Amino acid sequence: MSGGVSVLDIKGMSKSYGAVKAVDDVDLHIDHGEILGLIGPNGSGKSTFFDCTTGLARPDGGKVSLEGQDISDWSLNRIAREGRMLRSFQKTVVFKKLNVEENLVIAGQMFTFGGVLSTFGIGRGTRAKVKGLREHARELISLVGLDQVAHMPAGNLSGGQQKLIQFASMLMPDPRLIMLDEPMAGINPKLIERVVETIQYANQKMGVSFLIIEHNIDVVTSLCSRTIVLDRGRKLCEGTPAQVIANDQVREAYLGG
Amino acid sequence: MTDSSSIPADTRPQTRDLRTPVSILLFLLALCSPLFLGTYAVHALVIAMIFLLPAHGLNLLVGYTGMLSLAQAAFFGIGAYCAALMATHFDTSFPVNLLAAVVLAMAVAVPLGIPALQLRATSFVMCTLGFVIITQAIAKNWISVTRGDMGLSGLPKPTFSLGGLSWTASTAQQSYYVALGLAALATFVFWLIVRSPAGRNLIAIRENETLAESLGVPTWRYRLAAFVLAAGFAGAGGALYAHYISVASPLMFQTLYTTTMLIIVLGGGSGSISGVVIGSILFVALSEGLRIAPELRMIAYGACLLLLVFRFPQGFAPYLSKLWDRIGGQTRKEGSA
Amino acid sequence: MMTIFLEQILNGISTGAVYAIVAVGMTMIFGVLRAINFAHGEYYMLGTFGGWFVISTIGLPYPAAVIVGVVVTMAIAYVIGRFVMQRMIGMPEEGSVVATLGIALILQNTVILVFGGGYKFFSAGYIEPVFFGDIGIAQQRLLIIALCIAVFVGLELLVTYSRMGKAMRAVSQNVEACAVVGIDVRTVVLSTFVLGTGLAAFSGILTAPVNVSVYGGMGEIITFKTLPIIVMGGLGNVRGTLVAAMILGIAESFVAGNFGLQYRDSVGFVTLILMLLWRPHGLFSARARF
Amino acid sequence: MTVKTERAILRAGTLALFSVLALPNLVKAQDIVVGLVSPNSGANARYGAFAQRGAAMAAEEINVGGGIDGRMIKIIPADSICTPVEGVSATQRLISQDEVDFIIGDICSSVTLAMQPLVEDAGKLLVNAASSNPEITYKAGVGGYQHSFRNYPTDEIRAKAVAEYAVEKGYSKFAVLSVDSDYGRGAITYTRKYLDELGAEFVSEDYYKEGEVDFRSVLTKIRNSEADSIMVYGLADTTPIIARQMIETGLAGKLPLLGNGEFSAEATIQAAPKAMEGAIEAAAWLPGYDSEGSMAFVADYKAKYDGEEPNNHAYGHWETMHMLAEAVDAADSTDAEAVIAALQGIQFASPMGTITFDDHHQAIRPLLMLEIREGEPVITGSVAGEVTYSEQ
């Protein structure tokens, strides 16, 4: 842990849509190497919070710091490229017409090539870099167990396999922090285990920190050391998964809606 | 002759790969066609290659970046005027004019693209159409430079000079080789662009812009780069046009030119290099072939557009790649592509 | 000075009224189809030709010719709608652009083939001017302005109260949901298309007496006038289109009156681009459709 | 549709396309083939159609009269859509595929300019009957293109004649309202050259786009200016629109129209008699011109084409076809060089007077000055149209 500074530190995040306060003054921090769970009933503002943090939506207020650097007004692509903080989407997205390997190569490109101009290169150096990316992609494809389908168009694969592609893509740039929006939603139970293992592998062997929105409480329990509960845009409580589940307010929020 | 977005072919044992001999044959055919084709057919091919250039640009936008721009006609016109003005005022040779046209078109595309690319979908399309209308108004009204509707006429045929030597492509056959050279060069440059990591990023933007953005791709900058590069292709086409047709006038901003570029890209198959190349030839074959029935020509042309859109929504590229695979002795499984 | 100013406004409104009737049809079609109809001006031309034909051959009185022109155009539009427009549902933008350009070519040149390419003179309608002080205006133009108001009131009632209108609104707001509630998108597209093109034809015959010249290629100019209006009005927004048409009419009138007629045709797109820079989603929210 | 039929259609289609490309029009060997390039589709078809009909009628007349030494004239129409690239393709096809002997065309000046070098290189003959851009003949004859002729007045002669006549009639403050094309712009540019000399001035300058229908704003502006007349070099079908809107805006009967744009056509005057009263026009031809040949042309044309009144393009192409036939007859050959020589020396007796060509291959032809008086065009004079070539 580098000098006590968190990987991500968010202070006073707020976002309203009209009169509705989707996110209301939320503080949150993620420590180095931590897997933080973020739970809450539907419509509690989790996804809005994600969007505001990653630059996809503009928050009304609040400060986001990544390893001490203020990234509040960075755009989505800059946060990914310069901050190496990546996110997934709730509704799984992959480049459907491209094959799995290409999907991963694209994910890695902006980190290998510095800027837009250098990607237009045609020289030997460029080709070598792309070759490197391809090799790295193959490793990650093996890691998530998609070797068999590496050259299939991503759109032809199952929802669970697409989740794995998405996850592998985010590992391409050697990220600091990955934010996953419901990684287990709608996937085959057999694959859930593999995803959990991969997250743990990335966390332990690659040193990636995670922020995970997840409804599957077993997954949260097995992955996260700390969990935050959001309800109606506000932070309801915080603690270990076990503590949180035991919390009356949390039960009420889930049941009472 | 493969789509940049296609999957690397699987390596099953091939029966007989004729791709190399067929390529050589096609190359020789392109090289020798003026020898056995009539002047009219050669002229038609020159027109095809002139329009191939802006069509490449449009393909970069529609087929690779996923945005429809009608502004190609404006940059085509800017290129033509630039070359025409250079030729009339400075008496410069064709390569210089060509380069100037490309540079100017790209330079103009930057300030136009920056605001336009904030827009999406239909608004963007209309904005780019607006560029054509406004460029035409400028061409008509900036009389001291463009001579308004009088246009710039009597432009010299493409001349190349090196030291004391100079060569002018005065006949249709000679123009054919100039156009062929330029078209081949442009196609090669286009191939380099879409094969580069940047090309991959453009495809990513076409497929899913938000996802590309979340993976660190600065999509706005790429879209601007594509817009500017496309303008460059159009500018080159315009310069060739001006020198071949010998007139640059506001008439070249008519809808017909925009339609032509669109048809080449859609007909050939957007997102495919070889498709667009074939598309330009097919377009000219169609447009000129229909001259056989002058009264019905444009009606039939319109009907062909409908046929194209509804019957061959992917253009002819899929048929081409199938054909190419067969020449290569492979049969790709249906539906796996 | 004041009179000139007022007269320019009046000129603008009389032009704007014509644009509004054509554009509202196009914007409604866009609303349900999400496609720009590059052939829209051709229906304006068809209506005018229909009217011209029955007046010059069987000497029908003008009001009857208006009806014939509109009905004939709607019949042609029904066929096109049935075989072409319905298939355009969900098509990518470039496809619909090429398809409608194709239709424009077919309609334009079929008319040229059938009626000959030369221009014809339309001689009917109420062209005598009436004078308000110094300001003169043809009766026909007053009629157009009045009918424009009537058309918009009628459309407003249609989309608010009729079943068809409600369906149109539903389709333009959310195509996916329509399938759930049992609205047949194809039928809605077809009827909106026929209605929209009928309005274009109506506008064509209404303006023919003051525009005089009738020829096969007259539609293109109308299409290009209409395009910036519908975008400014907030694609698919009926009221917005009326306002945008009036703004453009008046702006053109001032440009023509103060800078020169030659800049007039750029007014639409220049205004559009400036407006898009200022408000990228149109003057009126596209969400407030119909 | 199955894949198979689709493939078959594709193949057949491609084959058909490429084969028609190589297919020339069917003509008999002894025919004299004239290619006629004009806009036949798109907005400018409204002028191209008149050109086609005029030329076709002339060819028919010649053929009925036994042709030229027994050889029939066959016209091959070609569509330029008024765009240079289409015009060039159409011309190229006429030259190399249809192997025409002569080409008449185009209406749009830019297209004609693009056709000139092509015809020159092919060694054919181009006679233009409708483009007014001065450049066309500045570059022809001794100016360069030996194979280009123009039987149409340039704007310069006309502009000067109209301005002089107007000043004579006491008008000196012109409000310009011309078409935004090389024709409308060109005429005004030439008028400007003579303004100081004549003591006249332009009060305002406006140019309308082809197909414009709304002139109220600009007419209002003109009404409130000091202009005493409106100078229109415009399109035939736009003149009645302007005239009608002059009535609306209260200009009719106050400011006369000057210039050119079918002022004297019956339909134009009928459209707005009050506004056309006193209009002054310089025209190469007018439907009401009282000469035997011209009256016969109008009558025949109306009879042939359902009562459609011919316009100047119809007449111009009709006359040019006849003139070309006479030149071929005189040359006794369809060889381009021989016909060029014949045209250079021709003294063609047109219904409008004798036409000759200067060394720039520009027709020297009489230009009529006319005025609309009490709803009837009255010819008030005639100007010999000769161009003085200045250094360009």
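Worth a mention:
Order of writing sets the chain letters: A, B, C and D. Residues in each chain are counted from 1.
The definition used in the following text is that a residue touches a chain if its C-beta (ideal position, glycine included) is under 8 Å from a C-beta of that chain, and two chains touch if they have at least 3 such contacts.
Just so we're clear, the structure is a prediction, and the values are computed from it rather than from any experiment.
Graph distance from subunit A to subunit C, where chains that touch are one step apart, equals 2. Setting subunit B aside and leaving every other chain in place, the chains that still touch form these groups: A | C, D. Distances from each chain's CA mean to the overall CA mean are smallest for chain B.
Here the spacing of subunit B and subunit D, counted between their Cα centres, is 35 Å. Subunit C and subunit D have CA centres that are 33 Å apart.
Between the CA-based centres of subunit A and subunit D the separation comes to 71 Å, rounded to the whole angstrom. Residues of subunit D in contact with two or more other chains: 40-42, 180.
In subunit C, the residues that touch at least two other chains are 105, 108-109, 220, 262, 265.
Chain-to-chain contact here is organised irregularly, matching neither a line nor a ring nor a star, and falling short of all pairs touching.
Shown are all chain pairs that touch, namely A-B, B-C, B-D, C-D. Put simply, subunit D touches subunit B in their complex at residues 6, 10, 14, 16-18, 20-23, 25, 40-42, 77-79, 81-86, 88-90, 92-93, 95-97, 108-111, 113-114, 117, 121, 133, 135, 139, 180-186. Those residues of subunit C lying in contact with subunit D across their complex are 4, 7-8, 11-12, 14-15, 105, 108-109, 112, 116-119, 121, 123, 127, 129, 131, 134, 136-138, 141, 207, 210-213, 215-218, 220-221, 252-254, 256-258, 260-262, 264-265.
Taken together, the subunit B residues at the contact with subunit D in this complex read 38-41, 43-44, 47, 50, 140, 143, 148-151, 153-154, 170-172, 241, 245-247, 249, 251-252, 254, 256-257, 282, 285-292, 294-295, 297-298, 311, 319.
Contacts from subunit B toward subunit A in the complex involve residues 5, 7-8, 10, 192-193, 195-198, 200-201, 203-204, 207-208, 210-219, 221-222, 225, 337. Touching subunit B in their complex are the following residues of subunit C: 30, 36, 84, 87, 91, 93-99, 101-106, 108-110, 113, 220, 224, 227-228, 231, 235, 262-263, 265-266, 268-270, 272-273, 276-277, 280-282.
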